[in-house]
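The following pair of complexes shares a single chain, chain A, combined with chain B in the former and chain C in the latter.
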Partner chain A sequence: MTAIIQTQNLSKWYGNVLGLSDVTLEIEQGITGILGPNGAGKSTFLKLITGQIKSNIGSVTIMGQPVWNNYPQFSEIGFCPEQDSFYGEMTGWQFLTSLLRLYHLSSTEIEKKADKALEIVELSEDKNRAVRSYSRGMRQRLKVAQSIAHDPKIIILDEPLNGLDPLGRRKIIRLIKEYKGEGRTIVVSSHVLPEIEAMTNQIILIHQGKIFAQGDIHYIRDLIETHPHIISIRCSDPRQLAQKFIHHDFVLKVNFGLKKGVLLVETNSRDKFFGLLPSLFVENQIEVEEITSPDDNLQAVFDYLIGK
Partner chain B sequence: MTIKERGYAHWDGELQDGRFPWWPITRIGIRLTFKRKFFKFFFGFTLIPALVWLVGIYVSERLEDFKFMMEGETDFLNVNPLYFKTYFTNDFLLFMVVMILVFCGAGLIADDLRHNALQLYFARPLKKRDYLTGKAAVIFFFLFIVTLIPGIVFILFKLIFAGNFQFFASYPWLILSVIAYSVLITTFFAFYTLLLSSIGKNRRYVSILIFGVYIFSDIFSAIFKEIFRSHYFYLLSIKSNLQQVGAVLFDQRTPWNIPWYYSLTVIIAICLFSAYILKQRVRGVEIIK
Partner chain C sequence: MSPSFKRKIGFFAKSTKDVFSFFFSLAKKSRRTKIFFILSFLPVFMAFVVKFSQIFQLSRDIEGIYIFNNMIIAFYLQFLILILALFYGSSVTSEELEGKTLTYLTTRPVSKSAIIVGKYLAYTALIIFMVTLGVVFSFLVLNLSELRSVSLYKILFRDVAVLALGLMCYTAFFTFVGTILKKSIMFGLIFSFGWENVIQYFPGSTQKFTIVHYLKSLLPSVSRGRFSFLLFRLEPSSTGTSIFMLFLIAAVFIVLACVLFTYKEYILKD
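== the complex of A and B ==
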């Protein structure tokens, strides 16, 4: 498949701070997730491929054309920034139409496109309300609407699920997946693995400004599987539970937490561990209050992978 | 396999010619300004001097009818370059211009910075130059209404009231002076306002700066002038520099005893400095150092 976005030795510094270092990759049609902890360089990468900042070294091409200063090319790109970018006193409709005017469309086209985008993100009924009265989820959807309103071929979404409730997340995820079906190229960044997993299998792992891995999400899943995980269980009888766990090979360590009734278990196979857990509770009549995974986040995986 | 072959149907309408890519920025700037509380009332108020001068032109052509009101003092009703110079460089008009800037200019860039709107603009086919042109055009729109348009209307009405072209024949260059001074004052205030608007994210803070820098430059220049007894300190005053150059453009004696091109140099230097700062400040993304 032809690469839609290509970068070659892309590097960016902000003064002495390294934003991105020697990134060479190709992004194909479909959804690609950019995954990395906060401050990894995801936003820098997205701003470079949308032509908002210039790289110090290297190049970015979109559909074979360089993106920097290539203003006609920007019509093919839809960008949803991480931060809110609204004039609160404007209505959702005014916000969208004012941005669509920058594409030199006719008034009829602008109205048609604004209506369509608002309908897609399910904001048609609220389009005449001031943006300041929108909920966090509505504002996030409006931000997505402005990125898709002009029918771009490439959509870049920087942390589009940030701060959303589960329902809002589901709506945005569904929207993004629907757009994939229309043959577009979508790049979504996030620091939360399950969010990306819900949208795509294709991921790019980025950490400290460098591309750590690129490919199928199962690859990182495997990495997570081999990464010893700590699981915290608060239950009625942690000592009895610990006794049952120590017979299994995939349990590496058991520990009693400082809080009463808490058992900390370290395992190298989360799937086997969670497969066993329900039967242990039932057979031994142990009441469970809470199960958490204190290090089940991307930062922990990255720390493990880079050997911290 | 290309995107089209995959079944994606891109919009097949026609893009309009983007000859004025800055216009959407200007349009929204003008619209937001008119939405501001009391702006329409205030803007109407700033047109009062233009009305007074227009009435003056009418009266100058009907002196016989208004003799009973004049008590012999009719010199000020001589419609000549001095009459125009007095309109364009009077303290009240310049003060009103600054007040218009407080209303229409303070938030032009500051609001975009506060709302992170620049990244949305620059992710679209809009150059930094177009963005700044669009913002400056908002200021041009409002200031031309109180400078260039009244100037042209004065000339037209003078010709209409006189019923002949004698005035035009006597001062054929006057219309050029009107255009040149209007463009000068508007360009200067566009740079001045955009500079101050780009250095803060708070509209109120910028409003105070626009007003304060103008007023205090005048106060300090007057203080220094009195202390050191030198007219050169008028170069510190925005108002004095504009009045100095204005007098030259309307072929009148300069109000201060300093070469007029010194004032012009100060004005140009401020514009160049503003352009440099604007280039640094107006970016799609915030640069962390």
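== the complex of A and C ==
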């Protein structure tokens, strides 16, 4: 698959403060989650790839074109900024139609697209109210609406779920997943791990302006060889299974879970562990109900990587 | 002219028109416009007061055109157009930065130059309309008994044209100032009521470094009334030179503002 967004040695600093350091990566079609704590450099990265700011070193290209001052490209890009800022004297409808006018569309097209975007984010009923009277969640949805209204191929969303209630979050997450199905490229940032996890497995971890890891969550998890993987097994005889595991050098620790019949195994080699598992079950006639990896989520990966 | 250049010009004109209509409709509803609209109508209110006092013989009968001339010089030329141009011109960039709305504009398929030119034209058109309305109403009220005199309308037309040229020029200058300086209002006040008011009275060619020099050169050299000293000119430029210079100044500062806005990096504080 060809990269839609490419950065090469991208670095940005604000005076003496480092914003982003030596970032080289490629973002392909689908959903890519940018994850990191507040101040990690996520917004700086998104501002750089949308040409809001200039890099001090390095380059950014979108579909092979440089992005800084390349305004025709923005016909294909939708950007939802993090800032909760609007032209407060406008209504939701005026805000959307005014911005759509900048795409040089006909009045009919503008109205059609604005209506559709407002319907998607469920703001149709409130479209004639002043934006300043909107709740935080409604403003957030309006920001998302302005980023998708012109039907872009690339959608870049900076903390799009901020200020949304659980229902609103679910709807936006569903929308983002739908867009992925339509073959678009979506880059979404968040400092809330389950949010990203709910949208994609493809992540970029940013911390202190640097890329800690990039790729599929499982691939990233495998990169961290020094940290043990925890695997939870719910079976008919956890005691017997524990006895069998303890003799292997790749099994570091065995614990019994709080729930009955659950065994927690720490291993430094997932491949060897899963290679052994079927034969142990068969030979000892142990019935397996569930095998899960409780730390195989973004929170765990993130904590390991930043050394928590 | 090559077809690609023609296409670029066409696209720029369309973008500018779209930005213009965006900000013209936004600005006409803004609270700031309502406040300045009231301010620009103060002379109309004053004109009514003067007319009523004349009708009821509370004051001596002074020619309407005489009061009108003083009003143009003292209030419009030396004060209102400077204030309007300063607040609207400098806000072309600064309101986008302070309101953190710049991102909405710079992530659209319009050039940064089109944003500057479109907003500048929208704000200039709005303030010219605002001032023209105030001037025309003041004129009508003050000259109620002489409305059949054609020569008076020539004066009205000339004064409106001079004020419009002044607004065009000062707004362009303050648009440039707003793109380069964070605290443009303070600088603008010093420029408007310091530099412009002082340097215009310097002898030789120094006075030509003010915009007001060219504006005053378009007004008659002799004026009666209490504020006629404000119209005092040392060495006025010719009408042709003045009009050329005013257009040139406006064009130069708008081009500079466009270049600066295109290449300068604006960082919105989180």
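Keep in mind that, in the parts below, the second predicted complex is superposed on the first by the 218 of 308 C-alpha atoms of A that agree within 3 Å, B and C clash if a C-alpha of one lies under 4 Å from a C-alpha of the other, contacts with A are read in each partner's own complex, and residues count from 1 in each chain.
In this text, a contact is a pair of C-beta atoms (placed from the backbone, for glycine too) under 8 Å apart; a residue touches a chain by one contact, two chains touch by 3 or more.
Quick caveat, the model's predicted, so the values are computed rather than measured.
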Superposition on chain A - do chain B and chain C clash or fit: clash
Most chain A residues touched (candidates chain B, chain C): B
Contacts of A:81 with chain B and chain C, given as first, second, both or neither: both
Contacts of A:151 with chain B and chain C, given as first, second, both or neither: first
Contacts of A:64 with chain B and chain C, given as first, second, both or neither: neither
Partner chain(s) touched by A:54 [first = chain B, second = chain C, both, neither]: second
Set intersection of chain A contacts, chain C complex versus chain B complex: 14, 50-53, 71-72, 74-75, 77, 79, 81, 83, 85-87, 89, 98-99, 101-104, 146
In the complex, chain A residues that touch chain C: 14, 43, 50-54, 69, 71-75, 77-79, 81-83, 85-87, 89-90, 94, 98-99, 101-104, 146
Residues on chain A engaged by chain B in the complex (per definition of touch): 1-2, 4, 14-15, 17, 29, 47, 50-53, 71-72, 74-75, 77, 79, 81, 83-89, 98-99, 101-106, 109, 146, 150-151, 153, 182-185
Chain A partner contacts - residues on chain B that touch it in the complex: 1-3, 6-8, 10-11, 13, 15-18, 21, 23-25, 27-28, 32, 35, 111, 115-117, 119-127, 284-285, 287-289
Parts of chain C lying in touch with chain A, wherever the complex brings them together: 14-15, 18-19, 21-22, 25-26, 29-31, 99-101, 103-112, 262-263, 265, 267-268, 270
